[in-house]
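Each of the two complexes below includes chain A, the first together with chain B, the second together with chain C.
Let's look at the complex of A and B:
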């Protein structure tokens, strides 16, 4: 891949970066070295606060007024960036080093056409005439696979979709043919199926243009799909680096190994092989321990040795590892066994009677169009069909997942259940009572208390003005579980124990809590009224991997104890596979497929489920996936297709029948429904999307055997 | 992680709340602009509180007309800032006048805030026709030139302390309402509001307990600025003869009574003007300091 290994595009040596704050100097990145060869893609992976974005900012020499490069060098094609003048840097940025940010809409100027913004790049950096710049921009837009580039050139950023915006940003970054591209979480703001397209594009770029890339992400699966080499960062340090295959197959650092135990890989199972969260918390930058930063959270910590002095990177040898370094003193001694780390084995949950029955539920919103054109046409009221014919049941103790991308109506559905909205028609029976038409204010306390919710955003879920104790206590009082002040307090403290938070959190205010801790309080609040059913709307999607694993496990542990029905709303199929008993796949307000988890993850699939499965990145190099990249955009809910909602993007579209007629609901098995025109026999013939090798076929198992014989 | 020992929960006391307030005031020390502002405001508060002790003369006594600053009084004492045309000591009138302004300005601002906040929270949270009606009312009031509005109100109901408060409330509440409404429109979509709704809390509780406390940051800053405007207003009303009825000292009134002599005896108008601007400057700098601190964390 790299033609000239001797000449790196970017060479970072012994870099130390610090921020200077009121509290004093805070080292953000320590002892960082990196080489990027031509055409190579480097992945930087780590949890929030580990310093990965700071590294990117240092490469751009864009640290901000309170940040600084303390020591070390950053050489770009042999020239030291630290010693360049502002003028030289200005010529370099955007021309030879480009950066792509997380939020595409924020990166584009909303008041200029996309064409103007794109043409500006070659005109500024290469001083070429406008017509030539126009041709270059159009060519680049078609290279990033945007349909109808001429139209996109004339459009304003808000006139194209989020995925298309990110393609425009990538095109803009590539226009000056940079040697180095920095991508900071480029797909985090996008939907899974859109993300899959962008990831494929990014992977194609280095192949086509020979551009070197640094890809920053928190998602190990994405790193696996895009990168050649990966650097795992923890608390400001690289703890492990290596080629993708080597590091993903033989992770040597306990932190890397721990991370793999935290992500729901296809081999994980909530009963037989649960996730194993990393205990403890990321140390604050000014409270890092002596020696190994990971020491206090490490299962293999050895006092007197690991906390003695700073640890240097050492090369890993043996067991098939190549070009692999680790910052751990004990890497040779630790035997992780043959399996990925797993938690305790638990017996499967018993499923009881029906708690929730939903029959043909519909939720339409009326949009009033007051424009003159609408008045003349006589169409002042437009119907938005947020939910159409929702049909499923949930039993006691069962976990039902609702999966879909943004705009699929999953949040509207949750609102109807909670009584924040009332259904347009249909029946929603919770514990025998039809609640579809009863708004929350009309529900009695018992009904409200038995149906509670865990919210998505940790920063929003708690009221910043009230203490944790008051917020949980209010729920207990409101639902009449206890009324005596002392008893309420006692119960709040008990709930804090249940969600594994220290009791003195009673007095804390939300800003003193980390994201994971806030989510725990949110869970405690939802379970305070002894609910029979809890709706969790993406409860872990905003959390870091290791924290998310702990919160997921906690949620399921409480559910297990209380025999609660859990309705888990998510866009992430890998989490859903891990924890759900049955799955409902939604698209544009309609159910495309529903069935048990096993049924959803194996053929026959609905073509949309198939694409979703293919789009989810899996952090396991031995799992093979069939690649399905969806063309086109998600249609607007305001104006859905007349026939099957998925028809505009479906790779298996039959023809006119799909466009004009609602697909029939076909029963593939008892409880497994697929809404599709394609006959079941055809769907059954489709190959499985994800192939997981058996344990004894796995390389690392064979690998350890080989080294065992060699040693 | 969990510690199983039971801990006692002390009831929130007034002392603890006071300690917190003092502590958050300590943060102000990091903004020198804020410190200067706080210093100016504090100075006038002390002056107003100690007025009977520090005022050298009776404020309404006619002692010696047209005395220049620094003139000694025959019966003892010095007119440090001179006297006005009817012989009243300007320094004493300024000192006693600070009581008027520091009593009516905060009171007027407080009532304006109470009304404005209630309107804003209701409009922002309930939306629909409530919002339409309240917003239109606010638009109508705001469309009048403020001065004209004051003159109309005071001329109708007469000049008195209570009527000044009514006039200021009427004119400023719509502005406060707009700010509060904007803040509430953002805050009402937070998950903790949805959490309160899904546990069936009544609307008034969501508005006042869940939403309002979270809007306090920008509101405190705005309150300091608005207090400055209210002081200007009281000054202007006094100047127009619509303030407190004479002879009680009133800074704006002092300027009004002596303005015809401003060229010959500048001290008569100058010192009241300096007093007004120093207090307004104090509140403005305090607002800047508070904003600086709130942005930092």
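Let's look at the complex of A and C:
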């Protein structure tokens, strides 16, 4: 076997992949070339449908019955995978090339123990006896830092948490120490602090074994943190490739450039540097334009040239980086320096009177335990404290973000506000009325209309059998905004204008819309009753980067116009940093810290906020972060720690006091509250997690391209 | 697990008590069935005194609830009453007939389960292949032919055409396996398609799951992917269906047993209801309910065994 450093582990040349459907041949990946050296990590970035997963499946030679490799070669250590027999492939899979999947739960067999599923890898590939395989599996499980590996071996996949499942999948992939690891969005399904741990683990282990990796992700920040080189894909083609430093500092392709304009950076906020969405949408594979696929969405499009014929990759010269290549005819002509990287600067919004006041709100659920032990002990009812002592205000026109990981109680909180649940105790005052005990059925239409919600998954919240016009019109009629048919119609059309959808969408049904368009309809519906407050529950997390940017901007714009209070529920701190005026950080049903966005993002921090900030991947190579990786998993809400909820994972734990006593709420400034035992003076001494260089220290501002050769 | 089984047993007993009440109210009171019970039992050609005597003898002059408990007591202790049609205790007739049907059912299942599972798995393993399409189409055709039609068709072919098999299965001269072939064939033909298609659907679904992809991309031999990773998950749905088939068989045999004059439970049920043989009818109904509830319980327990997500929740 060739093991020298000069020979690539994987070499893909001029690969074309197609799917064959009734509509004919659909090219999925076009003209794809890639070399992976030993120990190197390659990133594949792109939005959904760009063909990045198809590439991974082609490397695995697992294309399904309707997919096929049309031309080109995929050489692994000098042997062409396309020409291998099934048996030869089988010996490579899992042994030399292995894969880590996006959804760990789906990737594990539900009816076999984790031990069985791990042990069969070395048994199959190395023909070692079962006890030896068992020892190997246990060793690997402890290498991926799973506590109590013996217990995990005997468990079924559903008995361990999501983060642990992903560690099992990683252990499975690494068991036979492969030379090449394919990672298909390995952390997308995980919480952000868990993600940080997994990312570090993968990096450590690959370094240890010298494994090459292909890392597929839609998250530019994550790619920056993990990869050496990156390939940006758009509509089946690589549009730009280069080393991380070169590509992230000097993106050449208008699409890459556009992507950076779509992601909120910790340097940006909504007023000073609004996001700049890419207009239009990804063309369907069989509707790709002539010439440059990105042409119809590109600001630098030149008719007759860009749409003339297929464009080849060309090397970027003069940047110093040798392997920076781009698929654009005009890359030398475009001067991004003259372009504003972000949208129009807007004055900050004025906030008005208090619209929402929440005082010591609690929501407990009763769980009935029917086991014999519980019956004997007489404890059949357990209380789950989904929300504990929630306290904050929101003013007119303000955006308040509620941040936290899964199980932190943010959705329960939204349910209480909407009246889907009633609070156990406490006061929730909306426009002066206490609504904490009024279920949605008892609220009058005006109240319901003035408090609306935008949901996470737009596809599930629109009725598939009604037209868009009908759905919005119904809301207008229900809330008594208008009663006359013609006037309702008029208003629906106006709302469609507001959310920037063409008026003929009135007659469309949800299935005829894309994800982003559906979410626009969802927003139009929420704003139909002129609400004074809108709760947005992860409204863009299911959408692609460029679409999410457009929807976020839209939401901001409507809010600005209507002076609506926006309660933005999210787990994504970069989005929150971008659009929120104030932030509430929640953990296991309790507020850990709250304050203005400025206050949350700079010290003093709550230790949990600190960890959250450190976990956010930032797609800016000039920003540095202090690394804090949390150990352990989120505790179950059913069984929270007695003292501070964060005590089990806190890197700054003081000692027994944290375990036994509820942390006091300390006021760091007016409106900035931190619930922690550590004295404020101590917390103030902690330095900032994210370090953003001053504007005049930036490579771009410093000027010449020569300085960009940082790699 | 033990609690689960106990709970199920309790539920089973409760179901049977409720069914017995409904049965009693329907058959032995005048609530739904107008007319005198004694007339119904003895027929129209007896005198008023005879009817009164019968009523007194069988306790029909007692209040209804008392009669119910008396009847229930008899039932529980194994006294199923006496059949009018067969002029003897129900016990003497019922169990022999049930045994005959059990023999018939045994052979149907002994052939149907392996055949339909194997065909279903082969079809589901490679969805859309020629083998899959052949199996799917065949099973749709066989399932859509009703039993009474296939009885006639098979009889025409094997009895009158090829003259290979006897046309009746009365077993007049003792047990004869040859006479069992046609009834088994008819029931098998009707039932196997249903189970095979269920298995196919389940298998095809499992084959598209991500954990099968994981297993393949782990480099496991194809045989192990199927046997170890796919089968167990794919068999959960068909298992429940097969258990329900036992239930179906109990009523499904009526046509077949009648057609081939096979002396089984189905034919007995038919005879009992045609002759207003109330005691026999009650016994048959209770047996049928018992089988239904019992198989359901076994299905539930087996399901939890096959599916660890339920077992350890």
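By definition in this document, the second predicted complex is superposed on the first by the 689 of 711 C-alpha atoms of A that agree within 3 Å, B and C clash if a C-alpha of one lies under 4 Å from a C-alpha of the other, contacts with A are read in each partner's own complex, and residues count from 1 in each chain.
Following the convention adopted for this analysis, contacts are C-beta pairs under 8 Å (C-beta built on N, C-alpha and C of every residue); 3 or more make two chains touch, one makes a residue touch a chain.
Small disclaimer: the values here were computed from a predicted structure and weren't measured.
Q: In the superposed model built on chain A, check whether chain B and chain C fit or clash.
A: The answer is fit.
Q: Touch test for A:452: chain B only (first), chain C only (second), both, or neither?
A: first
Q: Is A:65 in contact with chain B, with chain C, with both, or with neither (first, second, both, neither)?
A: second
Q: In the overlay, answer first, second, both or neither for which of chain B and chain C A:489 touches.
A: Only chain B; A:489 stays clear of chain C.
Q: Tell me which partner touches more residues of chain A in the superposed arrangement, chain B or chain C.
A: Partner with more touched residues of chain A: B.
Q: Rounding in steps of 10 degrees, give the angle chain B-chain A-chain C taken between C-alpha centres.
A: After fitting both complexes on chain A, the angle is 30 degrees.
Q: Quick check on the superposed pair: does A:278 touch chain B, chain C, both, or neither? Answer first, second, both or neither.
A: Once the two structures are laid over each other on A, A:278 reaches no partner at all.
Q: Between chain B and chain C, what minimal C-alpha to C-alpha distance in angstrom results from the superposition?
A: 5
Q: Which stretch or stretches of chain B touch chain A in the complex?
A: 1-7, 9, 190-192, 194-195, 197-201, 210, 213-214, 216
Q: Any idea which chain A residues touch chain B in the complex?
A: 418-420, 440-441, 443, 445, 448-449, 452-453, 455-457, 460-466, 469, 475, 478-479, 489, 493, 496-497, 500-504, 506-507, 522, 525, 529
Q: Can you tell me which positions in chain A touch chain C when the two form their complex?
A: 60, 62, 65, 90-95, 98-99, 101, 103, 106-112, 120-121, 124-125, 156, 158-159, 169, 172, 372
Q: Quick one: in the complex, what on chain C touches chain A?
A: So the residues of chain C touching chain A come out as 3, 128, 209-211, 213-221, 224, 228-229, 232-233, 306-309, 312-313.
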